[in-house]
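Several structures are given next for inspection.
The two complexes that follow have chain A in common; it is paired with chain B in the first and with chain C in the second.
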Partner chain A sequence: MSDFSLNVREEGDVVIIETAGYLNNVGGEKVSEACYEKMETGKKLFLINLENSKVVNSIGVSILIEIIEKLQDVDGKLGYYNLAPIVEKTFNIMGLTKYSTVYYSEAEGLEGMA
Partner chain B sequence: MSPKDAPKVELTLPIIPDMELAATKTAEVIAKHMNLGEEKTAEISMALIEATINAFEHSESDAGNVEIHFVIQADTLVIKVTDKGKGFDPSKVKIPNIEEKLGSDRKRGWGLKLIQELMDTVEFESTPEGTTVTMTKKK
Partner chain C sequence: MIEVSVADQLDYYLTSLDELGEVLIDADQPGSVGKGILRLTLGTVMASKGAIFLYHQKKDKLTILASQGLKERTPFSPPKKLKSQSEKYRHDHINIDKIPPWLTGELKSCINELGSKILVPLFHKDHLLGLLCVGKKFMGESYTGAEIKILEIIANHLTKALYNYKLIQDVEDKQNQLNLKLLELETLFDISVAISSVLDVGELSDEILWRSVGILNASKGMMLIPKENSPILEPNSSFNWDDMDALLSKKLAVFKKVEDEKSGLILTPENKNALQKKLGEDHVIIAPLQTKDNTLGYMLLCNKESRHGVEAFNQTDLDLLTALCNQGAVALDNARLFKDITEAKQFNESILGSIATGVITLDTLGEIDSINQAGQNILKMGMDEIIGNHYMFLFEKDEEILELIQKSEVENTTHSEINMSFLTVSPETVVNVSAAPRIDPDGNIQGLVIAIEDITDVSKIKNTFKRYVSKQVVDELLDDDAKLNLGGEEREVTILFSDIRGFTSMSENMNPENVVATLNEYFSDMIDIVFKHNGTLDKIIGDELMIVYGAPISADNDTQRAVVTAVEMQKQIERLNEQRKKRNEEPIMVGIGINRGIVVSGNIGSRDMMDYTVIGDAVNLGARLCSAAGPGEIYVSPTVWKETKTKFHYEKLNPIKVKGKKEKVGVYRIDWSA
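For the complex of A and B:
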């Protein structure tokens, strides 16, 4: 089994989730659990730092589509930053970038979420 | 060098979670040998992850293994991913789009689309005895 871990912190209204490891079904579920837990407390702005998740698969990314869907229900937003080029390309092919945003730094993401 | 004489690398992967990453490590070594560059190497690895996961998940194979053959041709890398599952009809696989996935219970099913977008050519040979996906990437 691959190791996957995440760190969750808040910057004002924005929840930042920093992942490390292979974003597969297991990793995707951990990200969604973290998001849904924060959504229950009223949070609806999420930024995911994928700097240390340079390998993904479509099952893990599909779980991000589930998060986008749930955030649409509450007028929330999802963004990402520090993506490896192949991860950004995968997000483009799967259409995630139509409904969520790729940023190039945490600062840009926080500004974009405001 | 004729395709017949091209160097080959063969892998047999047990159907174990995350074993697709073993295939990507091999692909990275081969891509480096072929001087394919970072972008193409990453595209090959991503397509290989998807093809291997599909073989693991959809083959319902009793054999418990997936075979991966890399053929190193002068200007092209050929990768064949073979399972001994029940096969499928590629023409019946619906091309997914996110608009349909949002609001649907099934968010998955992106593997073939990603493979087709990331590789130069993709062909499927599928029978009730198994499936081989053949993908190529030019230098």
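For the complex of A and C:
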């Protein structure tokens, strides 16, 4: 597993970001750039599909926290789905799930964001 | 100018202090507290510019918490003497109408930009928490004593707020550190769970590596395992590392050091070694996958990430990686052991499956816990009928086998029996059985192993062949199947025929019982001699014997053994006749003919009745020579004479005309009494 890539698409008001690779400093920056770009266009609801990101480090987590803080300023929301157990555990322990939501599918995420 | 009364001024200050209380209560973030306090301060003392600086003791940096009239700045280093000089003004203010010489650098530049007149150090006990900087008063007036006093009161409240903020931030930092520690512990726990649940070496390697990379904030990593019988280290698993083409040898100094010292290393850019150069990486951390006796491999991670780039790994990282590797080594060792055991089990099973002997294992309770394919074939039962069954039930019809097993059970020694009738299957089935104790590596008895060899076919062959050949020949045939070709082949053999002269007329004067008794006595003596010299009893036709030497097994001295047999037969007949004379019975006189030549040998007959025999001209000539021989005479063909002339006395006779031959054939008579 190497190289981080992402795909951004929209489902109504929700921006879906699909990641592939290590969600570290590099990966996290790419995700935050994509989020901030969309926020500038007025988007506030973001769902990240982490199916192909099996490893997340604490730098990646801190970048997600930055995104959550920025979204809170505009009453936005961040959610995730398709998390590997190890990633979900990391998010829980690092307190990320207090301010963002873990869903188990895209459909559930879209419904939760509405 | 409007005169402001002292009472009005006091009221204004009290209002300011009241608002200060609200700012401190309402604001939940230090930034907003800072902004609120600064706005209030500047309003209270009627200044337009000012700033609150935060001092980070650990980083020794000043950052702007809130400012009015000051450009944004990144954290900067304070003047060297800031802390020592500020201490002199604890609970006081520094009048900076004229900037003192120790106020240097970026702080001086900020003060100039703000046109500051007053600097209040914000101390909590001995800790400098920050600075409150106030610019010149509106319209350039001087600050009054009351204004300075209220400024100091506000500064005091600001200090408390900053201290509280610092405490909160410390708690948050600690919380964050605790979360990270928890994550580390969870990771170690997960790996310990994986030890008992994941037994695939590749899957386990990935799991350990991925978790190590994630928990240590490394940018990439790999697990290196030595290639078998080679110094080359191969990536067993790698993460975020797609251009790994460097050839790594465990003879590299860094790997040797790690292996010898059984501890990991932190490699920094200051003293780049060969490994860092090969990998093209500056920051590397490496730890051995160490079991009690072996270094299974190495975990290698690169570039510890921070929010602002790459930093060096530290001892805490190494301790954590070592803990992960120690767990990982146990897990990998277990997985490898499991793989070895599985392979050994498969190997044993394939051996057990391929052998013809049935192998049955019993547990300590005497129940059958395994049986190989041959065992199932011999027992003519499926696995379901056998496994879990007690041997007492399985072999209930075979008392001898039960006794043998019980003996082995009681004495903890191996017992075996051969040629046992195996009634569990059928009375015709013959087996060799042995029972031996199953002993584990600690020497404990774990049950029994029973080996059953089905020798029914062998027994049949023996029973069949022993009528025709000696036991020695049967054993030789069974020992080496290659010698046994019963399918039909041309071979050179020596054929002996014997015939009792005048037996038909002799038997006319005897009752049937005497005829049978005479023949049995005669054949018994003759066949003993035949078997003694490993001849094959081909046929008994009436009073005639046909013996073959050289089939089914040939030897160099076939002809010589045939002649010796003939001589001994004549001599035994002499002795037999002496006994017969004593019993007032007529003597038996026998003629013998021997020939050697090419015959066709094999199982000849119908599907229902088949005998091993030889056919051909050479057989016929042997029979003719026998017919020609007189009572007590042994006639041999020239081929026989040629092979044995040096060992026996022969008399050359006139050639004789035999049926089926145009030419007369040469004949030699043995002087067997010599």
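By our rule, the second predicted complex is superposed on the first by the 112 of 114 C-alpha atoms of A that agree within 3 Å, B and C clash if a C-alpha of one lies under 4 Å from a C-alpha of the other, contacts with A are read in each partner's own complex, and residues count from 1 in each chain.
What we mean here is this: contacts are C-beta pairs under 8 Å (C-beta built on N, C-alpha and C of every residue); 3 or more make two chains touch, one makes a residue touch a chain.
Because the structure is predicted, anything quoted here is derived from the model rather than measured.
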item: Chain A as common anchor, with chain B and chain C clashing or fitting; value: clash
item: Partner chain(s) touched by A:90 [first = chain B, second = chain C, both, neither]; value: both
item: Partner chain in contact with A:55 - chain B first, chain C second, else both or neither; value: both
item: Which superposed partner A:98 touches (first chain B, second chain C, both, neither); value: first
item: Touching partner for A:21 - first (chain B), second (chain C), both, neither; value: second
item: Chain C region in steric overlap with chain B, selected from 117-125, 135-143, 315-323 or 441-449; value: 315-323
item: Set intersection of chain A contacts, chain C complex versus chain B complex; value: 1-2, 22, 24, 55-59, 62-63, 86, 89-90, 93-95
item: Complex contacts: residues of chain A adjacent to chain C; value: 1-3, 21-22, 24-26, 54-59, 62-63, 86, 89-90, 93-95
item: Of chain C, residues touching chain A in the complex; value: 175-176, 179-180, 182-183, 186, 190, 210-211, 213-220, 239-242, 305-307
item: Chain A residues touching chain B - in the complex, by the definition given at the top; value: 1-2, 22, 24, 55-59, 61-63, 65-66, 68-69, 72, 84-86, 89-90, 93-96, 98-99
item: Residue ranges of chain B touching chain A (in the complex, touch as defined); value: 17-18, 20-21, 24, 39, 42-43, 45-46, 49-50, 53, 96-99, 101-103, 107-108, 110-111, 113-114, 117-118
